[in-house]
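Both complexes shown next keep subunit A, but they swap its partner, so subunit B is in the first and subunit C is in the second.
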Partner chain A sequence: MLRIRQTPITVFALLIGVFPLIAGRIAVIENYPDVMIFVGIYCLITIGLSLLMGYAGQISLGHAAFYGLGAYVSSILTTRYGINAWLGMGAAMTVTALVAFAVGAPSLKLKGHYLAMATLAFGIIVYIIFNEETAWTGGPDGMGGIPGLSLFGFEFDSVNRYYYLVWSIMLAVFCFTVNIIQSPAGRALRALHTSEAACGAMGVDVARLKVIVFVYSAVLASLAGSLYAHYMNFVNPSSFDINFAIKLLIMIALGGMHDIRGAVIGTFLISFLSLEWLHVFEDYESIVYGAILLVVTVFLPNGIAGLPTMAGRWLKHKSRG
Partner chain B sequence: MQAPVDPILHVKQIMMTFGGLTALMDVGFNVPRGIIKAVIGPNGAGKTTLFNVITGYHRPTEGSVHFEGRQIQHLKTHRIARLGMSRTFQTVELFGNMTVLENVMVGRHHHLPGSLLSCGLKLPHVRRAEQHAREHAMAILEFIRLADKAFEPAHSLGLGEQKVLEIGRALATDPKMVCLDEPAGGLNETESGQLSELICAVKDRGITVLLVEHDMKVVMNISDEILVLNYGQKIAEGTPRQIQHHPKVVEAYLGGDADVA
Partner chain C sequence: MRFRWSWLQTGIGPWPIENALMETTTFTSQLLQYLITGLTIGSIYSMVAIGFNIIYNVTEIINFAQGEFVMLGGLVMVTLHTVAGLNLLIAFPLAVGLVTLIGVLLDRLAIRPIRNPSVLTLIIATIAASILIKGAAMLIWGKNPHDLPAFSGRDPISFFGAVIQPQYLWVFGFLVLIVVILTLFFDKTIAGKAMSACADNPHAASLVGINVNRMILLSFILSAAIGATAGIIITPISLMEFDRGAMLAVKGFAAAILGGLGSFPGAVAGGLILGLIESLGAGLISSGYKDAFALLILLALLFFRPSGLLGNAQVSRIKRF
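After this line comes the complex of A and B, so read on.
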């Protein structure tokens, strides 16, 4: 089994810690901490998705909707009802968990493409609700005036402060999820991916496990959505459309679905591509994503995280002549 | 046949139809505690369907299955497994990308704390239980003689070892009874000999064995009782000796000519 070691995670956490200090001194990458906030937020979604898709083998195209639910519930509760932002965030996660349970319990009985279709339909329905329920959501124009976050009087009001908030949460969630993967629950998940029939014979409640992981990943997406809303102070439906759902998919496919570290790598690359590096392509941007997805599925079925294994196998092959 | 006292499994007049096809017709039998019982019959006789009904993969159209005095035909597979009945599969269903040890540890699943919260926080009781599960799984690997391959991926094993590992994985659930679906299928003489020994060792641990098997040598050597199915119906039941000379069995298998053994 793939043991996920602690040292690289610690090194990664340290790099994340010092990054804003370095970036602030270099003009070309001065705005990168801002981009990194989005990377951190997206990572929260892709970590959950990776657990759901890569480990449990369940395809979801509905996570943009859970992300949106988190953002909108947080926004509505804080702007219209003046509820504390952290409480709003908790409420958003609770609402999303209930919705995910209601959606997941019946649709996780479907397999493969049918599950993808069901979650896709769910995503579209939620997107339409964001657009049409103007009294609540402000419709296509979106809603503004969402307050920032503060804790015990400390305001997360600068880019760097929000950066550290998002990345602390992200790293905590990452470690939590890594622990799940390396626990009895994670083992059952990976088993489930290979043979549901055998899992049943081993006493694993397959249906329940799938729903639990689906709800967990949805709650993470909701948390990401709330963090997004409180950072942008503004939300509109286009951030949560089907394109974003597909972009999430590309992130974990590129990084490597079967490895949670791959999800983080893929999220880094795709986020920087879409937020920074691909602007030169303008309208043709989506062609680039299509090309990436194509290349990955054909040549890198295990994504970037699978490269070391692939290289190792290739070298072995070479040395044998 | 006289009903034995306290059968571990009691199958009562099972009828199983798929659309217009009747796979099982009025099949009823008992499995006394602690024996090895084999289900044999020509291809398509309904053996695997019977297994799937008993272990909860199919719900019978009519009839009932009683395990330890409890009706189980309406229960889901994992519930039946937790009651103490595990199984193996005709087409090997190992978790190929996981190690041999991990495969067996999945069998410990319902003995382990599995809540996402306690696992995510790596609470001490999870760690302890995991350590205990690892030791338990290693002991099983010793028993099935695969301990030296504990850390190899399951798909790298030969077919014979894979079949044995499936039995080990089933044993990890602490079953009272195991259902083995063609454990000797595709094995050579030596391997099936070792497999027979293993199945007898499982019985010696006090675990009842129900097996579907085509390899007559295995069946006749180790079974205490045999049930014969043909075209979804029970045509004979008895000791290996009785079955070998049962006219209906000989007819079903060979058109009435040769010796089944």
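After this line comes the complex of A and C, so read on.
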């Protein structure tokens, strides 16, 4: 079904590699490398989330919270305890994994809508905690002074440097996830998507597999959150609210949830829409997103990644007359 | 998503009289006050939960836009009653009717066109509809909360040292009215019995000549009407703004789960219990975490007793989703 070849990924990586060099010379898109850092960060979340939605068939509205946990845990550890940023990131991922396991394990045993509601509730609770625990998080005003990242004395202190850092991580995660999908575990996941009962009958531990995917996707969201915090040097709760969780959902639905390449496409489009193109129409954002999500769900169930297949089927149908 | 609970509890805001009254209260009367406000807000949660159950029973869809019906009810009523100056007796049914129309559109434009409905796509469709409605509401009514005059004035009634707003009595009255009407509808009318039949088994229902699509439409109509009613009667107490829907939906869902998803007596009990827990939690433990209590209950239930306190585990097992 899904074979992702190496050549397109290599071409994509090269394009990503030369992009800041080109964008820097063109005045109109001068700030695009900065936007692309956010695209890369969001891609980390949506890659994991698309694995969860497209393969395990589960909706999570709690990934904004995992993203926030990643951001806050590493921010608090680095600013208050002077811990190394990379260690802080690792700690954040560990904490998020434990929390995700605690939330996911019980609700994934239940059917369809339960995880969606449980993660929605979880997301709101975490958002309230970010706002209320002022002593730790700075409350609604947020917390600043978060250190940047450096590696062996090399500071990732410019936009281009951080761009290459984020996209190297993103591409590594993408390749790793593609490998998972094409491994026996990935085949089990695809079987899970087709028929849970049949998959279980073939000896796959369905509940365990779903929990693993959920925790993996949460850890990626946490990593993304830490990268966000160390880039912005400032976090506040509003970046991690339910609207962001829904935005992630739209990215995946638009790109096509059965294909992780689709998640990347959707993330590109929605990020540029919200950070650049739609920015002036902020008041219309919610309507536009709702419309996009509805149209995609009704007319394009496989998203943009499903367009070639749909077009092929349509042409075949036409030629048969 | 802020509920402005403090207004309900301490009487700051539209009712300066209560403030003076509250200062002289003893602990017992304060407790009584929490119980009364808890039951009031709980009645609203009950109504939202009933709305969830009606649609869930017929379609097995969890309608994430349920809270938007409540929000719309309140805001449409503000326009008709306060802005257009229509009499309460005319504006009330008109507002309910308009929101019901939105419910019809939701079924016709978002739910029915989906060709291969899975629980995932149906959830996404209702989420899409909810952000679309929320975005439209923000454009129409702006971001500020709106007030509505109380149905029979705001002279508080003293009750063993606690204070009852006359509007609270309207809320209780409407909950009773809705329960009575629904009981009669499901027990005595053909349409109601046909709907119950669809809830039991849609295939068998269609075999005996029940138009299942029409019943689904009817379920959306009923559910929207009840949601709108809840919104209209709560607005004089807690005001209403465009982004209230999501929180109302998740709390209403918590109430539905608490009482056992699909059960009407359960929804009423679940909503009232949830309102009490929330009110006592906010009053005695922490008002900042007021919204978190209901959600923690929801998570705890999903983990330990997903069939609810009053629900039947066997019934929940045979449902498709």
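The rule is short, and it goes like this: the second predicted complex is superposed on the first by the 321 of 321 C-alpha atoms of A that agree within 3 Å, B and C clash if a C-alpha of one lies under 4 Å from a C-alpha of the other, contacts with A are read in each partner's own complex, and residues count from 1 in each chain.
Keep in mind that, in the parts below, a residue touches a chain if its C-beta (ideal position, glycine included) is under 8 Å from a C-beta of that chain, and two chains touch if they have at least 3 such contacts.
Just so it is clear, the model here is predicted, and its values are computed rather than measured.
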| item | value |
| --- | --- |
| Partner contacting more residues of subunit A (subunit B vs subunit C) | C |
| Which of subunit B and subunit C A:294 touches, first, second, both or neither | second |
| Partner chain in contact with A:26 - subunit B first, subunit C second, else both or neither | neither |
| Touching partner for A:18 - first (subunit B), second (subunit C), both, neither | neither |
| First (subunit B), second (subunit C), both or neither touched by A:184 | first |
| Touching partner for A:286 - first (subunit B), second (subunit C), both, neither | second |
| Subunit B/subunit C common contact set on subunit A | none |
| In the complex, subunit B residues that touch subunit A | 55-57, 76-78, 81-82, 86-89, 93-99, 102-103, 105-110, 112-116, 119-122, 126, 129-130, 133, 169-170, 172-173 |
| Contacting residues of subunit A [partner subunit C, same complex] | 53, 57-59, 103, 106-107, 110-114, 116-118, 120-122, 124-125, 128-129, 131-132, 242, 246, 249, 253, 283-291, 293-294, 297-298, 301 |
| Contact footprint of subunit A on subunit C as seen in their complex | 1, 62, 64, 109-110, 113-116, 118-121, 123-125, 127-136, 138-139, 246-247, 250, 253-254, 257, 286, 288-289, 291-292, 295-296, 298-299, 302-304, 306, 319, 321 |
| Interface residues, subunit A side, partner subunit B - complex | 1, 176-177, 179-180, 183-188, 190-191, 194-195, 197-207, 212-213, 216 |
